[in-house]
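A, B, C and D label the chains in the order they appear, each numbered from 1.
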Amino acid sequence: MDLQAALPHPPSQMDNPYLPFPARIVRIHRMAPDNYLFQLRFTDAAVAENWNHRPGQFVELSVIGTGEAPISIASAPTRKGILELCVRQAGRVTGALYRLPTNSVVGIRGPYGNGFPVEAMAGHDLLIVAGGLGMAPLRSLLWYALDYREQFKTVTLMYGARTPEDMLFRDELLSLADVVDLNILLTVDRDPGGNWKHHVGLLPELFKKAEIDPQTTYAAVVGPPIVYKFVLLELLKLNFHKDRILMSLERRMKCGVGKCGHCSVGYKYTCIHGPVFTYWDAINLPEVV
Amino acid sequence: MKILKMPKDNLDLFVSVLPAFGQVYAPVRRGSGYAFAPPARWSEVCMDYTRTHLPPKKFVLPPREPTFRFDPGQGFQDLLAEASTPTVLFGVHAYDIYGLNILDRVFAQGPYKDPYYIARRQSTAVIGADFRPDELHFALSMNADFVDSGFDLFLSDLGDDYLVLVGTSRGDDIVLLSGCLMEEPSVADIAEYKRRSNLRRAGYRNRVKLEDLPEILEMEYHSRVWNEMGDRCLSCGSCSTVCPTCYCFDVSDEVELGSRAGQRVRSWDSCLFKTHALVAGGENFRAARSSRIKFRFYHKQRGFVAEYGRPSCVGCGRCIEVCPAEINIATVIDSIRGERDGSASSSSASA
Amino acid sequence: MTKPKIGIFGLSGCWGEQIVILNCEDRLLDIVGAVDIVDFLGGSSVNDKESRLDVAFVEGSVANAREEKTLLRIRERAGILVACGSCACFGGIAAMDANRPREEIVRLVYGDAGAFGWDIGPHRPLAEFVKVDVALPGCPMEKEDFLRAVASLLNGDLPLMPAYPVCLECKTRETDCLLVKRGVACAGPVTTAGCGARCPGHNVACIGCRGPVDEANMSSLEAILVEKALAREDVKRKLRTFAVPVLDRETYGGSA
Amino acid sequence: MTRTITVDHLTRVEGHGGITVHLDGDKIGEVELNVFEGIRLFEGLVHGRHMEDATGIVSRICAICSHGHSITSLRALEDALGVEVSAQTRKLRDLAFQGANIESHALHVFVLALPDLLDHPSVISLAGVAPGTVALALRLKKLGNTIQEIVGGRAVHPMNYVIGGFGKVPAIDDLVSLKAELGRGLDDCKLALEALLKVEVPAFAEEPILCAALEPEDEAFFFGRTIRVGDSRKPARIPVAEYRKLTNEHCVAHSHAKRSAYEGKSYMVGALARLTLNGDRIGGLARTAWDELGLTLPSANIVMNNVAQAVEMVFSVERALAIVNELLEQGVAQEEPAAYRARACRGAAATEVPRGTLFYSYELDARGYVAAADVITPTAQNLSHAESQLRAAVNSGLGSGASDDILKRRLEIVARAYDPCISCSVHLIRTA
């Protein structure tokens, strides 16, 4: 075997998966005190043109001179030209991102990860369950489902946040409620302001308010560990198929392309085999849940 | 495959053409061990070395590697050119070439290819050499005692001659450039090669049973053995650092004083370190030392099997040699199997 | 644009970090160009002791009430407080005997004259008194760490520091392991990296000058060294040279 | 009317100290050099530690003199253990001392003292008007550090020095590049001289100075086994083992450091003392510097110590180059440290570090643990002398009607002339 022939040719700059594309922050929307929505536009029109992602995929975002962090894509694939990232301030990179003014250039590479299996989900009822920041990747799925509404039967969104102020995309979701064919169930843990017109209580309580047929439904669940714990309980109570429950895992990541080793769960890499795993996958991976 | 023979007396002439293919690195003494380093004189090169401190991984995945420059004004410029320095690695043992082949699967195959790795691997000519196993090698058990690819040339000792396998066209170029140093091997040479290979295989003193290891590991996931190891392990990371197939890396941005321009650097990391699976906010998916050492074993011996059809361990014995806590991959496998002290199966149920 | 205001301060110590700063000969003029050093007793006889500081670099440990007061005042003034060197980060070498009665030691030095009533409290790390934003350990701190910290802080980022042990860096030097091959009490496995394994690279055991790595497995290393026929008391003292206050506060050696 | 003049905090010196002068009308009462650096009590730290750990600990007494502390500690241990080091080891240690001397003197003369003489608050402000001179000083300082790094492994707190030799003998390549740098260093020395020639050295007091320094053993200017005290014509001689005859320490209440006196008189150690007593050893470019800078010894002006340091800096660059040449000619052997065995023993050593004579003695028990240790640093010895010079400076200042502000500045300049290392002075070690 010829070693030189066997190995792929050294790729040109275009196929260096580590090299970010410059993108400009065109708008920063402060959705919650520690949650900003960043709208980005690639500086190179060709890159924007060729960009395609699936709901549930993520990008590696570089704040130039600080570092890189994986962030879910919150916008729908159908929104060409604009990429929306919903970021919580959590540490060095996200902290530096928060200090950048509009018009700054950041680096973006991706999209990475498997995303939601939308082809398999098509033709089914769709149940989207989001807790807290879990809404970020699910918003992409939600918009995908709305853009291709005909592909799905009923579409239900259950979303829980701590308070109305913490609810991401609150205005957008509230405005959607009446205009599209979507069953929206929102809840907050507490309502300090007293102006909340929807449910107050924990996320799993919303299951009492919805008619869900486990035989015909795919559930996509993303949230903090506590959400998984109780939502999964509800779904299992309903006798959901374990491989029709989809969840998105979060692990430390340094490359996004299956090399750096950090995001491994058991013997899968979150970045390439995930981040979306079925519940069945997850319980069979050591170290999850 | 082209097979040739070269009298040992010709070795000096042969190595004198190598610099035409790049900076030559060969095994030389370093303390009580060896290292691949540019030899000052050829007499420094130890053809009978046991193993080098660091495996050839250091050439294809350097301990610290700047990958690109960034500048808020100018965007991103890769530093790929630096990865293409022609290099000749002389005297690499079969298991280490196996190690490179395993790294190839991770870095040069699959949906994303690592251009830095590929550039380095391609600009490195690998000249293999056979070896005599010592008490730590268990390459035979890991099916890495012999390689049929991944090298340009491979030299096997026949006594007065070397049998030379030509693995690539570059290998052939080296042979051609060296002139008439090689000849066709005779039937007797091949017989001698086989005899010596058998002898080498018989010479392994360290062996592990591999056949059912993935299942055993699956079943012994909660074995007490892991906790005992967690108590002893220092999380020093020495085992993964010297491993020919451990490749975890960390990434950091280095900026220049008074600017946001700088370079992104990747550097070796280890799954034994506490921060390996730590995420923002403080959650650590492998906070316990025992879970980290278990992870290393699982990933090498179990996870890789699932993903690539074989374990990523090649049996070089390095991690056994360097572990200050005397954690020994071969004996760990035995105790998991329950064959060392019979403890594994009896304790596993309790967890 | 106004340049960030910097202060450089020394409490009890050997002046090592200030010397390290002065030893950045090639970069000093760049640093002076990028920041405004307004308060630096060791370098200037005109100092602004009141203004707000963007960053304060503090070397040395806190040994008495006077130093505690100095430190609290620095904290009040500083946006970011950087503990420089192992004395500031962990108490350092002077805190080695933190658990021994002070009077006894004083008598050893000053004889019957005693301490004239001086304040001779044990040496404590800065974090016992104030919030420390960045810790640059090492005895002394590494020049490179300092320069990298300055570069990051100028961008508003906290510097990245290694959180793994010296062994990783040592292994990349491809020398014999002192612990495994020579049975020497090397503190590398329990010491935070960042020095490039300078000591083992010179065939000299690491003495732990960069302080304990997060989750250092002290008890296992101790057991390993005792197995190699070193006296347990001696091993303990060797591993407790630079960071006694921190080691005593956190429970190291707790296993998996 | 009584009053005090105080310098709250001496600036541009290593460590924390101040000056208090008590005045009753024009009569000077107590003059105190206060040391309020936190006490670190190194004696408690080395006591009971293994002899092999001791040097790494005492190095931390002082950063700027860490090579001096380390090597002196080792020489005392070797003296106790009866270890003879190789000629190569002696040479390399000598080289390290030259490096330390270049670095320390470049720092003191240009960064700490020169701003005074040119009326600048700091070297940063000096750099604004004389960037060339500052860059030059930094280059020389770096040269000293490079030497210390190559020989000792690190500029501050070297780790490469062990009992009997070195962990790792410096690499030939490093010595080759060092040779080139030392060549450039000589050129820099010439430029430095030019810069210093323009500087006028003030004299605030004329007061005879009693000097003490080691008598150089062979070519190693900074190593010796006999102490000289007095002046160059007829100094008294004391064997190093009996160094307490010179140092005679006592404690005073106003300071965390102890005081020294020889036969009841305070004395001075450091560059000025060395050149006064051993000036006959100085030749070459250093001698030219001496002449050009107009250094006349003995001198009664302590500020001249700065000039003596400049001369010594040139000497050290020349000496370092000579050593490196010798090493390169003879080749550097990759030798192991000399062997030794623990036994109950005691020993002492002294060296000349940049600020003066440094004394060490150790007593070891049969298993090799430290039973007693004693360290006397140059600044500790100089404190009493400095107080007498401060008094003289105030005296002459009052005589000429100087204001308190001028007096304070003069006090600082006089104190700084000693290049005091307050961190050092306070960290006395004595276990008995």
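Just so it is clear, a residue touches a chain if its C-beta (ideal position, glycine included) is under 8 Å from a C-beta of that chain, and two chains touch if they have at least 3 such contacts.
It should be emphasised that the depicted structure is a prediction, and the values quoted were computed from it without experimental measurement.
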Maximum centroid distance from subunit B, chain identifier (CA atoms): D
A-C or C-D, whichever has more C-beta pairs in contact: C-D
With centres defined as the mean C-alpha position, give me the subunit A-subunit C separation in Å. 42
Length of the line joining the C-alpha centres of subunit B and subunit D, rounded to whole Å: 52
Indicate the whole-number Å distance between the mean C-alpha point of subunit C and the mean C-alpha point of subunit D. 25
Cα centre of subunit A to Cα centre of subunit D, whole Å, reads 65
Which positions in subunit C are in touch with at least two other chains? 155, 160
Residues of subunit D touching 2+ other chains? none
Which subunit A residues sit where two or more other chains touch them? 65-67
Taking the touch definition from the header, please name the shape of the chain graph: line, ring, star, complete or other. other
Name the touching chain pairs, please: which are they? A-B, A-C, B-C, C-D
Which residues of subunit B touch subunit C once you look at their complex with the stated criterion? 30-33, 35, 52-54, 58, 63, 226-227, 230-238, 241-242, 252, 254-260, 262, 268-270, 273-275, 288-291, 321-325
Residues of subunit B defined as touching subunit A within the complex: 67-68, 70-72, 75-76, 78, 80, 84, 104, 106-108, 110-116, 118-119, 121-122, 126, 148-152, 167-170, 221, 247-253, 255, 259-262, 264, 266, 269, 271, 276-281, 283, 285-286, 291, 295, 298-299, 302-304, 306-307
Can you name the residues of subunit A that touch subunit C in the complex? 65-67, 92, 95-96, 99
Per the contact definition, I'd like the list of subunit C residues that touch subunit A in the complex. 155-158, 160
Footprint of subunit B on subunit A - complex, ascending: 1-11, 13, 15-20, 22, 43, 62, 64-68, 90-91, 94, 104-105, 107, 225, 250-252, 254-255, 257-262, 264-268, 272, 286-287
